[in-house]
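For reference, the structures are reproduced in the following blocks.
Consider the two complexes below, in which chain A is the common component and chain B and chain C are the respective partners.
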Partner chain A sequence: MTFVTPNASKIVILGDSGVGKTSLALRFTHNEFHDLELSTVGAKCFTKSVHVADKDVHFSIWDTAGQERFQSLAPIYYRNSRAAIIVYDITQKKSFHEAERWVDEMKRHGDEDLVIALIGNKSDLNEYREVKMKVAQEYALKNNLIFLETSAKTGEHVEDLFMKIAEMLPSVHAKIPENLDHNFGIVSISKLEEKEKRKEKKNCC
Partner chain B sequence: MSENSKKKIENFKRDLRINQQNISNLSVKIRKFIQQIRFETIKKLKEKENETDLENIEIINAILERLLEEMIISPNFDKINGFIKKKNELEDQKIHDQIQKLKKKNFDYFGLPNQLSKIDWSLSSRILRTFNICKLPYEFLNVLLTTADSVFHTINSNILNHDIQSEPNKLVTGDDFLPIFVFVLVNSQIENLVSISEYLIDYSDPKEMNHESGYYLTTFCSSIQFIKTSENL
Partner chain C sequence: MNFEDFLKIHRYFDFYNFIKKDKSQTLYQKIRRGIVILLHQRKKEDPRENDNKIIEFIDKITQETVEKHILKWNKQQKREKTIKQKTNEFREYFERYILRKMYTRTFRLNPKEDEEKDKALRAFFRKLSFIKPKHLEIPEDLVKQKGAHKARKKLQEINNAKNPHDKIERICESCNQINKILDRANMNGADSFFPFFIYQVLHANPLNIHSNIEYILRFKNSNLLSMTQAGYYFTNFSSAVRFLENLTAQQVLMSQEEFENHMNQIKSEENEPKYLFENVPLEKLNIRDLRDILLEYKKIALENEELKGILQKKQLKQK
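Our next item is the complex of A and B:
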């Protein structure tokens, strides 16, 4: 039996495979990096609360698979998210381009008030850097994103990232489904496809 | 639970009509009623107890959910399930056919990292197969959680037994978990996957959906979609 934290804000972590999505979540929630024992826990949905502006903000952090073959499945995961953390690896230029693609997707398909953070991870590997901080910073500014460089390995700026997200959330309370019809934070792909088709139809008329 | 609530439940069950026409709205009706009874019961408890802490309320909520699913969904499961299966007959068959083809595929087709492909995942598939005897949403969600646990335990016991090579402190990431789960599902011999996913989306406790159970239900639904859209089999 599992017991849930009330009114948790769902955060989805997106990005290319191997950029450190799971490590970031693990660093924030358990203050650990690549801990063998923790991998037996088997949680790929991490939870933690922070205290911001006299309020407790509960996070439910959803990890995703970054491989290209699974990208079309991402909408099932990011549905009803309050924030999206889009991660790239500062030592892999390709992962930054992939992050740009995720930003576009979230801007097009995410909720209107979705908070988006662009994160350059592995800042401890500065000597192998392929993505200039200035380039990423300017891109983030232009697109109205939270931007930070983090290191899941050392913990640098990881806490700051989640504090910033907490501060930016329009409300500290999670969305309560307006009705109970297919709006549980999860929806089948066929229903999402239907929604997209309706949206496209509306736009073209 | 108060006598008044019990009476409400009896009346609700007596008045419940299940047919092909109302099946799409039935889940909304049932879920709203369960939420209402839970809310009323918790409210009364809070009034009675001055210092009921949050953890206790969550435990009571979870117990109430199970109890109400047993009382309301269980006696109607066969009828509800029958209509959902009928509606998704073609989709279920399509997934069944895709699975037969996917069973012949190597581990790398699913995107499993080389070192993880040497692991025997049959225990996780056998656990997931107990879907075939589940009726209530909370039972299905518990099986999903147990399956996920078994995946991580299997990996770690293989690492500890040196059956697979691993970097020190190798972390099993979200990149690894989805392909493993797809593989486990393909080999679990569960029928009517589309119907099961629709039933779970419609009848599960919405309170759970932003949390661990919701995460693994999302992984289950994503895996079905991956199976459905797999090409060149």
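Our next item is the complex of A and C:
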């Protein structure tokens, strides 16, 4: 008898701040979108399982801080990840250059079989476009990346993106882990929240 | 452990009570013997090797305990949990119990070096305390929110927790607090979470940060650390510490000169007495804080007496 080994696929989302990394993950895992006025998520590791090509893939999606000053910390986050989603905003040229820099870094320091996806987000804002689709597409082709333009707001191509990644992932990592919380011998977050709620209730009375 | 007891245990609390209730039982004896042998070996061999042996011992004892019940468990097919889940639960219980018992001897690999590093890091963080929310581009009022103090408090409790599981639990609780504050301020995602978390870590300045991170890394499977929500929070914690360790002037939006000025300024203040909890409102102090304050005052009183003694001697000499 062996202990459950990790077989979730860790995915790290990189990109400049404000390009919609969190929204993208949220759209995929909860099929929701929050405008600035209506947010209900803090920082999280988003999880979801999908079934693709006769295998189950369990995603564990890690959101990262995109500000320039935190870039040197990125290796801590992408360690052990199976795929990297590099996001830019199609209405901001600067974020595309930032994305190119990330691609270079992942090519140099990531694992050999790392799946890299280049994503142009906010495709619903086509009229303000600053980055041409053709330019990005050619760049992606040259570097052998998955390329898509998505919109976390409308949900366009978000599902496709994760399905494509799931297909590309080696099948070794394609099994749903049982009871991931206990797996690590760690408190399940939901349990913690329950505890806190109970405490709050006590305080009111 | 017979099958009925095995069924009854659902939480660590149950497990702990079961062990504690009857110390003559074979399971308790087995754990105790294991711990004694491991600690004895630790004196002679490389502590890293010993760490691995401890982990092996936890795995082994879990296996032995659960293996007896597999057949019966599988017969009753209505159960919600599979035996694998149950095994993982029990591994957690054993890990918490055994590592807690061995805590004082296993906390640091190289006691002297690590302690020095901890002290240096804590002093360095204290120097950095000139960093204000604006330097990390956090809205000023976030820091003054109700939960912010509690989040820092939870971070300080990391050092009080006596096994890796509990330590990580404290980090999670702190992160949940921060998420709540961010929710109220309608901010989301790691872009706003991480700078705020860094600010909290810096101003909480928990004891023995370096050793605590190393301790968790030594006894937790690194693969699993990279998969779970708790692992995500832990990664945020260790990278926040890494960020602060290698902080440069640019990263806090300052000129090199200004940054160095700040660093030097606080150096000169270092010799002045530091009062604990001076920024904490009175009603938020709990018993543990009060105890710390008492200890602090005792220290000051002792120092005063020493000074008095020195003065008296001087006066005597002069006469």
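Points worth noting:
The rule is simple: the second predicted complex is superposed on the first by the 157 of 205 C-alpha atoms of A that agree within 3 Å, B and C clash if a C-alpha of one lies under 4 Å from a C-alpha of the other, contacts with A are read in each partner's own complex, and residues count from 1 in each chain.
Criterion: a residue touches a chain if its C-beta (ideal position, glycine included) is under 8 Å from a C-beta of that chain, and two chains touch if they have at least 3 such contacts.
Everything numeric here is computed off the predicted structure, so don't read it as measured data.
In the overlay built on the shared chain, the residue A:Asn80 is in contact with chain B and with chain C. By the touch criterion defined above, A:Cys45 lies against chain B and chain C together after alignment on the C-alpha atoms of chain A.
Legend: residue contacts after superposition of the two complexes on their common chain; A:Gln67 is shown touching both chain B and chain C.
Of the two partner chains placed around the shared chain by superposition, chain B and chain C are both touched by A:Lys10. Within the superposed three-chain model, A:Gly18 lies in touch with chain B and with chain C [touch as defined at top].
Overlap of the chain B and chain C interfaces on chain A comprises residues 1, 3-6, 8, 10, 17-18, 21-23, 34, 36, 38-45, 47, 60, 62-67, 69-70, 72-73, 76-77, 80, 177, 179-187, 189.
Residue ranges of chain A in contact with chain C, taken from their complex: 1, 3-6, 8, 10, 17-18, 21-23, 34, 36-45, 47, 60, 62-67, 69-70, 72-73, 76-77, 79-81, 177-187, 189, 192-193, 196. Touching chain A in their complex are the following residues of chain C: 59, 62-63, 66-67, 70, 81-82, 84-85, 87-89, 91-92, 95-96, 137, 165, 168-169, 172-173, 175-176, 178-180, 182-183, 186-191, 193-195, 197, 220-232, 235-236, 238-239, 242-243, 246, 250-251. Listing the residues of chain B that touch chain A in their complex gives 25, 27-28, 31-32, 35, 54-55, 58-59, 61-62, 111, 142, 145, 148-149, 151-153, 155-156, 159, 168-179, 197-198, 201-202, 204, 206-219, 221-222, 225-226, 229. For chain A in complex with chain B, the residues that touch the partner chain are 1-6, 8, 10, 13, 17-18, 21-23, 26, 34-36, 38-45, 47, 60, 62-67, 69-70, 72-73, 76-77, 80, 174, 177, 179-189.
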